[in-house]
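Please see the structure below; I have some questions.
Order as written gives the chain letters A, B, C and D; numbering starts at 1 within each chain.
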Amino acid sequence: MSIFVDENTKVIVQGLTGGQGRFHGLRNRDYGTQIVAGVTPGKGGSDVDGIAVFNSVREAVEATGATASFVVVPPKFASAAILEAAEGGITFIVSITEGIPAHDEAVTYNRLVEDYPGVRLLGPNCPGIISPGKCNIGITSGDIALPGGPVGIVSRSGTLTYQALHELSQQGIGQTTCVGIGGDPVPGTNFIDCLAAFEADPETKAVMMIGEIGGSEEERAAEWIKRNMTKPVVSYVAGVTAPPGRKMGHAGAIISGSKGTAQAKMDALAAAGVHVCLNPTEAGQKMVEIVQAL
Amino acid sequence: MDLFEYQGKQYFSRFGIAVSPGDVADTVEAAVAVAERVGFPVVVKAQVKVGGRGKAGGVKLANDIDEVRLHAGNILGLDIKGHVVRRLWIERSSDIAKEYYASFTLDRPHKTHLGMLSAQGGVEIEVVAEENPDAIAFLSIDPVRGLDLGSARRWVHEAELDEVAREQVAELLVKLYDCYTTGDCDLAEINPLILTPDGTVHALDAKVTLDENASFRHPEWEEYRATETEDPREKMAKEKGLNYIGLDGSVGIIANGAGLAMSTLDVVNQVGGSAANFLDIGGGANADVMAAALEVINSDPKVKVIFVNIFGGITRVDEVAKGVLEALARVTINAPIVLRLDGTNAVEGRAILAPHLNDRLITEPTMLDAARRAVSLANA
Amino acid sequence: MDLFEYQGKQYFSRFGIAVSPGDVADTVEAAVAVAERVGFPVVVKAQVKVGGRGKAGGVKLANDIDEVRLHAGNILGLDIKGHVVRRLWIERSSDIAKEYYASFTLDRPHKTHLGMLSAQGGVEIEVVAEENPDAIAFLSIDPVRGLDLGSARRWVHEAELDEVAREQVAELLVKLYDCYTTGDCDLAEINPLILTPDGTVHALDAKVTLDENASFRHPEWEEYRATETEDPREKMAKEKGLNYIGLDGSVGIIANGAGLAMSTLDVVNQVGGSAANFLDIGGGANADVMAAALEVINSDPKVKVIFVNIFGGITRVDEVAKGVLEALARVTINAPIVLRLDGTNAVEGRAILAPHLNDRLITEPTMLDAARRAVSLANA
Amino acid sequence: MSIFVDENTKVIVQGLTGGQGRFHGLRNRDYGTQIVAGVTPGKGGSDVDGIAVFNSVREAVEATGATASFVVVPPKFASAAILEAAEGGITFIVSITEGIPAHDEAVTYNRLVEDYPGVRLLGPNCPGIISPGKCNIGITSGDIALPGGPVGIVSRSGTLTYQALHELSQQGIGQTTCVGIGGDPVPGTNFIDCLAAFEADPETKAVMMIGEIGGSEEERAAEWIKRNMTKPVVSYVAGVTAPPGRKMGHAGAIISGSKGTAQAKMDALAAAGVHVCLNPTEAGQKMVEIVQAL
């Protein structure tokens, strides 16, 4: 099994007619993802490489029965597109857009939570999700992932996710699902959401969690793991050497005063029984050991 | 983007938040002109984006033109913790009966906005939070619902502000929230927010951080950007669309992705080195971007070795390899380069570099190996 | 007024809050009948207004009729920390996947309502608050605006409840808030609020405290009042409109006004005595009330001396004096009475008593003098 | 000077035609208070001992220019009456009613704060306010108060307030104003409001503050005193021997767990430089000493 998306997930692409939307949308389709429609206001009736384009999400959903949307639109339009997806009947939204204003994100997040409790948003500013061999929504290269499990991956960082996938796949260790939750301050889906889903998924036997500096999501996840998680978790947190007060690339990756340091996160995770590793390679090796001992 | 005090006050004014009458000046004569216009006594304040300017002699009271001349002359050009004062803010001096604190920022754990209000202003709010947290009235604001005057009135009550100030502060808080949200601030802080002996309230300082992601809807921010006194390399990197932060070490870092870049810093540190910078070339970088990144690093005299750490995803490794060669052809790179190339088109990328490898252009199979090699070269 | 668990659950049901199917029983046979109706296995729960009944053997699982008979028989009549079990609540046993905590109460410092929600239920919330305060999601609710479903959804998100439970809990919280407000509760608490393995949510316990000031609009509370197992003297005092609380000492206290009564306890304690009770006869008490108060105190065998401390305001001291004489004429007061009488009509009051003073009826000029005298008599 | 009310304060009595309203209203008038009107819906046009009665607060205010209202109505009607006063233009409301449901009080308090920021409510469940020789609104016997200052009194307890007035008056020490804030959990006016007003009043030279168990208003007041108060404060807190979990007569006087104990309050006050006394008599004596040394 996989979490959130699988081979039956029907996906629309909001912004399919744009350069990025076309590139990633077709790439995801080539991977085997059921990309069933595109949405671009004003371009309804056209198609992109055989994928029908609709004027609105609602029309696309009604025509195709899609439940997921891949939102590939510029920051300026991203919030409206996400809310249109929820309003249109989509229950799983992936937003890869980087650079959405923080206030737009805050409003969008709370609008979703308050008005569309059944909707999950992944991102914004995330690499997306891949359930290897089944479904890939986002910008991850499908060829670095290996189907069949038993490892689930959840990560705040894109490249480190790829690195993790790569290292596991090279050792012949597959993944159930790999979720990139993104590096923004208000992620729609957080570590706990993914950990809970992996804990509930019978095919996932171990989880790799990749955190970074900033915020307190890793600490909250540690608390949740201590109380609820029965499966082994291997973790790496980036940014041990990051200076306070500077955004390390991601809007969310900032140490404010004494809060959000990598050390505090690693300590909390270690106290929750997580295998805390000091670099991605070590984390990959630790996971190999754990899987081989299963 | 952090604003100077004077920019913050000007930004506040756009939203109807009262500040002391004053203006900016970058010469002694301009300072005198402002002082005469706003009326004596005035306060002459150094405009620097660093705390502790008062202790450093950057804030002075002037009772007449001679004193303005004296203080403005002394403060202009002053070095405050490495920040040279190029501008002054001259404002009418205010009598202070009480100092409050007010701010809005994002409450990440709760995914709401967090308002902080205290009758104990004028000191660092972190100190108040530590020593007497009950003295801060926290307000969690649902971004969907916002802050209305009724809630602001409850809030000033709860904060036990002086009664004469409450209604004025409540109205000001609604404006400050408007500034924070429609003005796209990451932080909008007034410390101190003062009550004068005649019973009126206004902002005596302004700390504003703008969310650069919202630049597209704020053409008026252009003027703030022009005055950003940045590290010259950070400026150069920004112009080229690179995410660069200068650090103190000797290993220049180039990586694709913020997480991988952070991780590269960590690994260099683990094997005994220290990074000269953080540099994320972003997703989908091409040869041009890679070349630009090498040029930025190359301009840093601290750099003894350059560690290029690429895991190809959208970024294609063959493009990275081409960029490296391009940069080498275009400029003289002063330091040896150690590369670790993996992911999309890594085989092609390595093949492109293979004929050019030598003791100044080295590839290593893993991140850890590459870090070790880079650090040993840096320490040689 | 604290409700029994079964009353709390019945009260919850009025507001649409799901509880386990069950009913109340005050005999073994009634318990068996309920068990057969709701279906096995059942839980047999002692109904007492005191914590720790589980440890005291007051909660048992029964898989069949014989076990119900056995446990019901054992629990009925059981003494749990001084509370004799007279009623049982029999309910269908629930499988538990997760235990949460939810409550509403008044947040006095903020003058708002305080909601507390935690994914860590089933243990005392004070313990969670102490050991891991981040595990509780606090929600401050403006009584004017109330709690709507949107806010409740944000709240269950913030509390990180299991996803399958969130929407159900959000809807339940809106109902619980309705119960708390329109149901006039001082406290409405569910601990644990459970998620069953099949993914449904309901209240497994109920702790409800009703605000007796709101009795006038809740005729349905009459039945709860009937079952209040109170100290017989507290019951007697209540019927007579007196505010009485039984304590452990030997000095019976009568005062007018809650503050003065508390103060009287304190002063007795300061001079080495200890109070047998708190008794406030209220403002404007007349001779009848005074006489009733003396009778209540007189029925307490612990009382060695009675200290009547009156500062007349609306209460007229001459009325108090008449009440004392009336009581003395009506019943035999077992203990000596020490009076301190001051305020409105104190002179008239003292004059009324003067002819009757003896070593069993004593006046003293000040509160402190009277306390000393009372304590010395109590300890004699 | 006095705080909140003085000889110029024009007062209406809501509920003047009722038994309690008539008794206290006339008693206050006899003291010299400017009782200018009564309000009882449906009884407009009548009078009580020469005081004109109106159907609504607004009418009464328009006819008389009153700024204060003495609300003497049963618990059931108290909240509506208080809000009517605010709506009708009254800026100082005294509510003596005991037994108002807590939820009504919470709503009323917040409605006033949110919609009528210029209105002060004193009470509910309080003895009222007396500025000796000038104005008495409430149930305090005027004859135990002594005009002329220099002491301000603020108290949560009615009888202890009378006791304090009595002891000071007997020693010849007058009061500027004596405010009973009442024993309910949500008082409209709190210690800090009164302390701030006494601090600002030039004729008040010292303040007596009488607290009791429950809540944290005394602790908040202590913090305020430490930072703002230049005048000496003498304090007594009732309920040292009160058991936890029982309401000691007042709805607000309850120790919850370890919170709200008299000892904690006394410690906080002492740390703020307040003269903390162990019984009302001692507090009276201490105040006499302080005034004599002024």
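In this text, contacts are C-beta pairs under 8 Å (C-beta built on N, C-alpha and C of every residue); 3 or more make two chains touch, one makes a residue touch a chain.
What you are looking at is a predicted structure, and each value in this text was computed from that prediction instead of being measured.
Asks: Report which of C-D and B-D is connected by more C-beta pairs in contact.
Replies: Greater number of contacting C-beta pairs: C-D.
Asks: Rounded to a whole Å, what is the gap between the Cα centroids of chain A and chain B?
Replies: About 28 Å, centre to centre.
Asks: So how far apart, in whole Å, are chain A and chain D when each is placed at the average of its C-alpha atoms?
Replies: Inter-chain centre distance comes to 59 Å.
Asks: Please work out the Cα centroid separation of chain B and chain D, and write it as a whole number of Å.
Replies: Measuring from centre to centre gives 51 Å for this pair.
Asks: Could you tell me which residues belong to chain C and also touch two or more other chains?
Replies: Chain C, residues with two or more chain partners: 109, 111-112, 142, 144, 150-151, 154, 157.
Asks: Hey, what residues on chain A touch two or more of the other chains?
Replies: Residues 110, 113-114, 220 of chain A each touch two or more of the other chains.
Asks: What is the shape of the graph in which nodes denote protein chains and edges denote touching chain pairs (line, ring, star, complete, other)?
Replies: Looks like something else, not a line, ring, star or complete graph.
Asks: Throw together a list of every chain pair that touches.
Replies: Result for touching pairs of chains: A-B, A-C, B-C, B-D, C-D.
Asks: Enumerate the contact residues on chain C facing chain A in the complex.
Replies: Where chain C meets chain A, its residues are 119-120, 132, 134-135, 149-151, 153-154, 157, 160, 162-163, 166-167, 170.
Asks: In their shared complex, at which residues does chain D touch chain C?
Replies: Touching chain C from chain D are residues 75-76, 99-104, 106-107, 109-111, 113-114, 127, 139-141, 144, 155-163, 166, 183, 185-186, 210, 212-213, 215-216, 220, 236, 238-243, 246, 248-253, 257, 262, 278-281.
Asks: Touching residues of chain B toward chain A in the complex: what are they?
Replies: 106, 108-109, 111-113, 126, 142-144, 181, 184, 186, 211, 213-214, 216-217, 243, 245, 247, 255-263, 265-270, 274-275, 278, 280, 283, 311-314, 342-344, 366-368
Asks: Could you pull out which chain B residues touch chain C in their complex?
Replies: 110-112, 140, 142, 144, 150-151, 154, 157-158
Asks: Within their complex, state which residues of chain A touch chain C.
Replies: 110, 113-115, 117-118, 192-193, 196, 220, 223-224, 227
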